[in-house]
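First chain A sits with chain B, and in the next complex the same chain sits with chain C.
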Partner chain A sequence: MKFEIMRDRLLDGLSDVMKAVSSKTAIPILTGVKMDVSADGISLTGSDSDITIQTFIPAEEDGKEILRVSEGGSIVLQARVFGEIIRKLPTNEVEIEINRNFQTHIRSGKSEFHLIGLDPLDYPQLPDVQEEELFSIPADLLKTIIRETVFAVSTSETRPVLTGVHWEVKDGELVCVATDSHRLARRKTKLQSLQEEHSAVIPGRSLNELNKILHDSADPVEVVMTSQQVLFKSRNILFFSRLLEGNYPDTSRLIPSEHKTQVTVNGRALLQAIDRASLLAREERNNIVRFTTNGSEEVEVSSNSPEIGKVEEQLAAGAIEGEELKISFSAKFMMDALKAIDGQDVVIQFTGAMRPFILRSALDDSILQLILPVRTY
Partner chain B sequence: MGRIRLMDEPLSNKIAAGEVVERPASVVKELVENALDAGGMKIEVLLEEAGLLRVQVIDDGNGMDSEDAELSFARHATSKISNEHDLFRIRTLGFRGEALASIASVSKVTLSTSDGTVGTRIQADGGRITGQSAAALRKGTDISVEQLFYNTPARLKYMKTLQTELGHIIDLMNRFALSRPEVAFRLVHSGKVLLETAGSGDIRRVLADIYGVQTARKMIPFEGATHDYRVSGFISLPEITRANKNYVSIFVNGRWVKHYAAVRAIQKAYHTYLPIERYPIAVIRIEGDPYLTDVNVHPSKQQIRLSKEAELLRLIEEAVKSAIRNAVKAPVIEKKPQQRQPRRDAQLEFWKAASSPEENSIPVQTPSDKPAGQVTGEVEQAPPSSGKLPSVGETASSYPEAEPEPVGGWSEGDTSDGESGELREEAKPFPELEVVGQVHGTYIVAQSKDGFYLIDQHAAQERIKYEFYREKAGEVDSSERQTLLLPLTFHYSRDEAYRLRHSLDLLHSSGVFLEEFGDTSFIVREHPAWFPEGAEQETIEGLIEQVLTDRKTDVKKLREEAAIMMSCKRSIKANHFLQKHEMERLLADLKAADQPYTCPHGRPVIIHFTSYDLEKMFKRVM
Partner chain C sequence: MAGRVIFHIDMNSFYASVEQSHDPSLKGKALAIAGNPKERRGIIVTCSYEARAHGIYTTMPVFEAKRKLPALVILPPNFDRYRAASKAMFDLLRTYTDLVEPVSIDEGYMDVTALSKERDAIGIAEEIQLRIRNELDLPCSIGIAPNKFLAKTASDMKKPMGITVLRKRDIRERLWPLEVLEMHGIGESTARKLKSLNIRTIGELAQADEGTIKSGLGKYGIRLRKRANGEDERLVDPDSVYDTKSIGASTTLPADETDDRKLHEAFRSLSAKVARRLEAKALSGPTVTIQMRTFDWQNRSRSATLRNPIYRKEEIADAAITLFDRHWDGTPLRLVGVTVSNVIEKQEAAEQLSLFDFEKHAKDEPVLRLMDKLESKYGKQVLRKGTGRRRIESVSETSFSKDFLDDHERE
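On to the complex of A and B.
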C-alpha cells in the first residue's frame, strides 16, 4: 500500500475519528485508527465500541486532487502517535507506504517515520446498520436540537437510560426528551415525508461528540436506526452510536397542562439576574435562588447564604397573570433552560411552589423546559 | 460421698438447650432442618411474636410412626446415623439427635405427624410428654413450639427486640431458600407473608424473591470443579456491593455454614472491582464427599472443617474471578444477518471499501462494562499505611529508624510502638509548606525548613470537604429539598425492608423521606438540596446501609456518614494533575482543617521526611 496525500486533509479526517478513540479501552486494537485506501479515496475509522466514526477523504474534490494512490490496502495505526506525527510534519505533502508486517513509513519533506502498524483484519467491523434511512435533517438544525436537549441528561449511572436523550418519531414529528429527574428538556421538530414510527435512546455523550463533528450548514444528515444502533450519515462522515437499552419513562404525563401563575419575561434579562444572584448561592447547596412575583409587572430574584451574604434584584416582567408566587429552584437548572431557549421572551408557567414549572419561548412552541423546584421549609 | 449424681433427662436437656437453642431462630433452624431431612418439598413456617410465642413448622415429608414420634423427644434419638462410621458420611442436616429434646425442654410442644398409615399427636411440656393421641392421616409433620424459654427466665431476658429476633429468622429462612431452590418455602409472621418461594429449582428466582428482581438480574452464575469439589452459584456484578459479608451465603452439601476463608477467597476474586471494605452478594454452593467435610464441630452445626481447603479456596477464587471477568469485559458481539443486499449508492460504495472481510463487527458494550469502581479502588489502595518508601526499600530497611512517618496524630493509636522513638509532639502546629511539585498526578511534594513532605491530594481534599460537610450535615438544614420528576427507587430484601420500615424516622431526620412502595421497595420523591448532583442515589443508599448495618446508629452517626460520602464524592481523585496554585490552595485549606493529618477513613494525609531522615538514607550521617 502506498499513497500521497495533502497533510491538512488527512489531519482533518483524523481529528474527526479521534473523537471516538479512547486510550482506555478493553480492546487494545481500538486504540488505533483504521485506514482503508482505494483508488477513490481513504476512509478512516475510529471506535471505542460505543461510538464509531468513519470519515472519507475522496481522491478528488471539486476537480482538485487531494490524494494520489499508487497501491491500495488497509492498516491500523496507533491513533495518538499517528495523529501527532501528521500534525507536526514539516510540509503539506505526506507519503505513506506500508510494507509487509505492517511496517509503515511516513515521509514528508526530509523527515521519515517508521511506525509499526497492526493487522487491519483484527479491527472489528462496522456495526451492522443496513436499514433504510428513517429521515433526513439539515446539519445545523440537528445541532440545534442536540444543544437544546442534551444538557439535561443524567450524569448518574444508576438509571442508565436517563443518561441518553429519548428520540421518538411519530406523526411526522421528532420529539427529543432528556431528563435527569431534576429538570427536563423537550424539543419537537416537524419532519417531512415521514411515515414510520420509531423510538430510541441515544447516549448523551454520543450526541455531544456528534455535535462537535457536524458543521453548521444546511447539508442533510441522514438518520438510520436499528434496535441497537443509530447511524448519522453526512457527506463524508458516518457516525454510529450504540443505543441505550431499557424503557425510557413516559414523561408526557409528567408535564403539567394547566397553570396557576404565568410570567412573561425577557429571557436574557432573567438569565443575567439569575447569574448574579447565584454568585451568593453556594455550590454545595446547588445554588438555590428564590423567585417571587411582585404585583403584576415585576418579579424579584434573590438569594441568601447566611455565611456569605444576600442579594435581591427586581426585574420588569412583560406580564404576570394569576396567583402570587414564591418559589425556589437551582440557579444552574434555570440558567441551562434559559440558555436553551436562547434570549427570546420566555413564558414561565407555575402551578404552585412545590410543583414542576415549565418555560417556553413566547414565540414558538417547539422547545419546552421543565424544572423541579426546591422545597424550602 | 454420693454427691455426684446423674442428672435426670429434662435437666441435662435443658443444659444442652443452652447450646442448641439460643433464640427463636435456632428453633426455626432445627425444625426446618428436620423437615428437609424428612424430604419435605413444601415447608411452611408460621410465627407469632417473632417465634417467642409460637413457632409452627409444617412439612409434607415422610412423617413418623407412633413409636418414632415418641422417641424423637428423647435425647440422642436420631434416625439419621446409627454408628460411628456414619458420622463421616452425613448427608442429612441433622445427625446429633438432640434438637427436639432440647427444644422441648424449654417450651411447650405439640407434634402431629403421620407416615401415611398412622397419625400420631404428642404433647410435651418442659420436655415431659403430657399427652398422646391419634391424629389425622395427612402425610407429613406439623410441629408447634410454644412459649419458648417459659421455664428459663434468664434466657428469656437475653432476647433482643422482637424486630431483631424476627430479622434473624428471616435471614435464616432466606438461606434455606437459597440452599434448596427446589423446595417451596413460606414464612408467615402474624398473618403477614415475609418470604415465599416457588420451589422451581431456579436459584435466580429465589434471589429475586429475596433481594428483588432488580438485584437478581445483576447476579451472574459461576461454576468450577476439581477432582474433589464442585462449586457453583451466583455472584453480584461489581456495581452491587454491600457493607458487610452477611450477603455472602456459603452452602456445603446443602448446609449453610460460616466459612471466613471462603468469603476472603471471593473478595480476592473481585480484587480491584470491589471498593475497599465492600462485599458482594453471593451464593456459593460447595459439593464434595461428606468424608471431606466435617460438620461435627459445634452443636449449632454452622462451623465446618474442610479437607483440602487450600485447593477448594483456589477453585472458588478462580471460578468467581473468571465469571466476573467475563461479565465485566466481554463485549457482546452483534450477530450479523447477511440476508439483505446493501443499497447501491455512493455512500455505500465507500462503506464497502472500508469494511474488512472479517465477520466480526464492532463490539457493543453495555454501560456496566466500565467498572466504575476501578479508579476509586486504586485510589483507596494508594496510600501505604506504613509510610514506607517502596522505591528505597533496601536502604530504608537497613536504617529502619530513618523511615519517614505520617505526620501528626495519625500514629496516636499506637503510642506503645517502640519504633517511633523519635520525638514528635502531638500538638505540633501544621507546618508552613512550600509546594515543590506533584508526583504521578496523585501526591503533592512540599518542603519546609525541617525536611520535605508528601501529601496524598485525594486524602487531603477528603479531609477538607469532610469537615465542611460534617458541619453542613449538622445544621438541621436538610429542609431545602430538591424535588424530583421521577422518584428514585430502592429495592431491598424482605428482612432489610422490614428493618428499614422501623428506621424511617431516623432517615427523615437526615432529610431522606423514604416511602414504602410495595413489599420490598421504597421510593424517594425529594432529597436534600446539598446532595451532590448525579450521586443522589448512592448517597441515599449509603445512608440506608448505615441504618441497616449498624442497628444502634443514630442521627449523629448518620450525618457523619453522609459527610464522609459527600467528601469522597467531591474530592479530586488520584491521577489528576494540579496547577501549582491549586496545590497551594489545597495545602492552605488543609492547614485550616481541624484534623489535617488523617482522612475521614483514618488514613494518613501527609508524610514527613525530616532532613535527618534524608541524610540517613543517603548515608551522609550514620
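On to the complex of A and C.
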C-alpha cells in the first residue's frame, strides 16, 4: 500500500478517531488506529470497544485532490505515536508506504519514519448495525440537545444506568432525560421523520465525545439504533456507541405537576447573582446558596460561610406568585441549569423547601430543569 | 519566630506507670499491659522499664512475651484510669501556661517562651518533672528545644525521667550521624524511599538536593528535609486537640479471614462503632476509608468521598462494604478498619436531597417553617430540633482512641 496525502487533512481525521482510542484498553490492538486505503479515499477507525469512530477522507473534495493512492491496502498503527508523528512532520505533503510485515514508512520533506504496524485482520469488526435509520436531525440541533442534558448525568458508578442520557422516541417526539438523582435535565424535540417508538440509554461520555467531533452546521445526522448500539452517521463520520443496560427510572412521575410558589426572573441576571454568591463557598461540595422571596417583586440570593464571610444580593423579579419561600440549593446545579436554558426570562416553580423545583424558559417548554434542594441543619 | 522555648513532655511507659502508681506492689516488677490475651489481639500495648530490660517490647505478642519472661505480670488495659491520669497531668501543665497542646493521651507540647524570660527553662522543666512525680506518682521525660520537632527528638534521648536540651547548633553532632529511621516522621516505607535516593543518615537527608527529595517524596520530603536541618515552624496550638479530622475504628480478626460474609460483618460492627463515636461528638463526614491488613502484613486502604456527609451506621457500613467488595481480591485479612474523615460538626453540615429520598425530608417542612418563624421573631439559636448539643458519654475502646481528647473542656 502506498499513498500521498495532505498532512492537515490526515491530522483532522486522526484527531477525530483518536477520541475513541484509550491507552488503558484490555484489547491491545485497540491502542492502534486502523487505516483502510482505496482509490476512493481513506477510512480511519479508532475504538475503545464502547465507542467506535470511523472517519472517511475522500480522495477528492470539491474538485480538489486530497490524496493520491498508488496502491490500496490496510494497516493498524499505534495511535499515539502515529498522531504525534503526523502532527510534527516538516511539510504538508506526506507519503505513507507499507511493505511486507507491516513495515510502515512515513516520509515528509527530508524526514523519514519507520513504524512497525499491526495486522489489520486482528482489528475488531465495526459493530453490526444494519437497521434502518430511526430519524435524522441537523448537527447543530443535536449538539444543542446534548449540551442541554448531558451535564446532568451521574458521575458515580453506584447506579450505572444514570451515567447515561435516556433517549425516548415516542409520538413524533424525541425526549432526552439525564439525572444524577440530585438534579434532572429534560429536553423535548419535535422531529419530522420520527415514526417508530424507541428507548435507549446512551453513555454520557459517548455524547460528550460526539459533541466534540460534530461541526456546528445544519448538515443532517442520521440516528440508527439497535438494542445494544446507537450509530450516528454524518457525511464523513460514523460514530458508534454501546448503550447502557438496565431500566432507566421512570422520571415523568418525579416531575411535580403543581406548585405553590412561582417566580419569573431574568435568567442571566440570576445566573450572575448566583455566581457572585458562590464566591464565598468554601469548596465545591459546600457550594450552597439561599434563595428567598421578598414580597412580590424581589428575591434575595445569599450565601454564608462561617470562615470566609457572607453575601446578600437583591434581584428584581418579573413576578412572584403564591406562598413565601426560603430554600437552599447547590450553586453549581443552579448555574448548570440556567446555562442550559440560556434564555431571557426563566420561570421557577417551587412546591416546598424540601421538594424538587423546576425551571423552564418563559418562552417555550422544550427544556425543563429540575433541582433538589439542600437541607441545612 | 526567633527564640522560642518549647517543651515536649513524654510520659514514660504511661499505662504501666499508671498501674504501678495505682498498685504500688507492682513497682519494680516487669509489667505489661495487653489486649485480650485469649484472642489474637493479645499484643503488648506498653510495658514497664523492668520488662523492657528483659527484651519485652510494645507490639510483641503476649504468648511470645510470656515464653521469654514467665514472671511477666500482664494486666488488661484500664482506660478510665489512664484518662484520669492524663487529664491530671495536662491540668498540671496548664498551671504554667495556656499554650499546652495535647498530642495524645501521654504526650504534649508546651510553649514556655514567655515564662523562660523570668525563669531558667531547665529549672521549669525540673520543677514540672518533680511535680508530676510527687503529685501524680508518674515518671516523664522532657525535651527542651526551639521548636516542636527538636523538642520531641530531645525528650526521646533520655528515658525514663530525662531532661534533654537540644539546640539547633547541636544537631550536627547529635542528630546527623543517626539513621533516618531514628527521625520522627520517618517510618519503614519512607526510609526505604530515602535509601533508594542513597540517603541513609539524617545528615545526608539534611544536605540532600531539594529537587531530588521533592521528586522522590513530594512535599512531605521537603518538610522532612527542613526538620533534618532543625527547622520546624509549627506553633503550639492548644486548640488543635478540638479539630477532629477523622474518626475510625479497626479490629484484628480472630483468624486470617477469607469469608466475605464474616468480613462484611466486621465492617458492619466497626461502622456501628464509628457511628457511635461520631454521634457522641455530633460530627459527620463525607469520606469513608477502609483499611485492610493482609495475613502477610501488607497494609492497603481505599477511600471514597460521597456527596453528603454521613454519620449513620448503615450509611457508613454501606460505603465501607461497597469499597471492600470492589477492592478485595480474596487475600486472607488479619485486620480491617473503617474511618470517616473530613468531618465537620453536624450543625454545619448540609445534605443534598435526592429524587429518591426527598419525601422523608418533606415531612419535616411544617416543623421547619415553624422554626423559621420563631427564629425570625426571636433570633437564631432560639431552639433546635431534637437535642442537638447532646453529648453521649463515650467509652474508649481502643488504646489508639483519641476520645481522651474529650476530657479537655473548651473554656
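Quick note on the criterion: the second predicted complex is superposed on the first by the 373 of 377 C-alpha atoms of A that agree within 3 Å, B and C clash if a C-alpha of one lies under 4 Å from a C-alpha of the other, contacts with A are read in each partner's own complex, and residues count from 1 in each chain.
Keep in mind that, in the parts below, a contact is a pair of C-beta atoms (placed from the backbone, for glycine too) under 8 Å apart; a residue touches a chain by one contact, two chains touch by 3 or more.
Since we're looking at a predicted model, the values are computed, not measured.
Engineer: If chain A is used to align the two complexes, do chain B and chain C fit next to each other or clash?
Structural biologist: clash
Engineer: So in the superposed three-chain picture, is A:Ile146 touching just chain B, just chain C, both, or none of them (first/second/both/neither)?
Structural biologist: After superposition on chain A, A:Ile146 lies in contact with neither partner.
Engineer: Taking the superposition on A as described, I'd like to know which of chain B and chain C A:Met354 touches: first, second, both or neither.
Structural biologist: Both partners, chain B and chain C.
Engineer: Figure out whether A:Met335 sits in contact with chain B (first) or chain C (second), or with both, or with neither.
Structural biologist: Neither: A:Met335 stays clear of chain B and chain C.
Engineer: Using the touch definition from the top, say if A:Val17 reaches chain B (first), chain C (second), both or neither.
Structural biologist: neither
Engineer: Have a look at where A:Thr52 lands relative to chain B and chain C in the superposition and call it first, second, both or neither.
Structural biologist: first
Engineer: Let me test your reading of the model: by the given contact rule, A:Leu244 touches which partner, first (chain B), second (chain C), both or neither?
Structural biologist: Only chain B is touched by A:Leu244; chain C is not.
Engineer: Return first, second, both or neither, reflecting whether A:Ile320 touches chain B, chain C, both chains, or no partner chain.
Structural biologist: neither
Engineer: Where along chain C is the clash with chain B: 328-336, 364-372 or 400-408?
Structural biologist: 328-336
Engineer: Between chain B and chain C, which residues of chain A are contacted by each of them?
Structural biologist: In chain A, positions 158, 179, 181-182, 184, 251, 254, 285-286, 288, 328, 330, 354, 356, 372-377 sit in both the chain B and chain C interfaces.
Engineer: What residues on chain A touch chain C, complex-wise?
Structural biologist: Residues 158, 179, 181-182, 184, 251, 254, 285-286, 288, 306, 326, 328, 330, 352-356, 372-377.
Engineer: Could you please specify the touching residues of chain B with respect to chain A in the complex?
Structural biologist: 239, 329, 331, 334, 336-337, 340, 342-343, 347, 349-351, 353-367, 369, 372, 468-469, 472, 479-486, 488, 526, 529-530, 533-538
Engineer: Which residues of chain A touch chain B once you look at their complex with the stated criterion?
Structural biologist: Going through chain A, the ones touching chain B are 26-27, 34, 36, 38, 40-41, 43, 45, 47, 49-50, 52, 54, 56, 74, 120-128, 130, 132, 154-160, 162-163, 179-184, 228-229, 233, 238, 240, 242, 244-245, 249, 251, 254, 284-286, 288, 328, 330, 354, 356, 370, 372-377.
Engineer: Can you tell me which positions in chain C touch chain A when the two form their complex?
Structural biologist: 286, 307, 322, 346-356, 358, 361-362, 364-365, 368-369, 372
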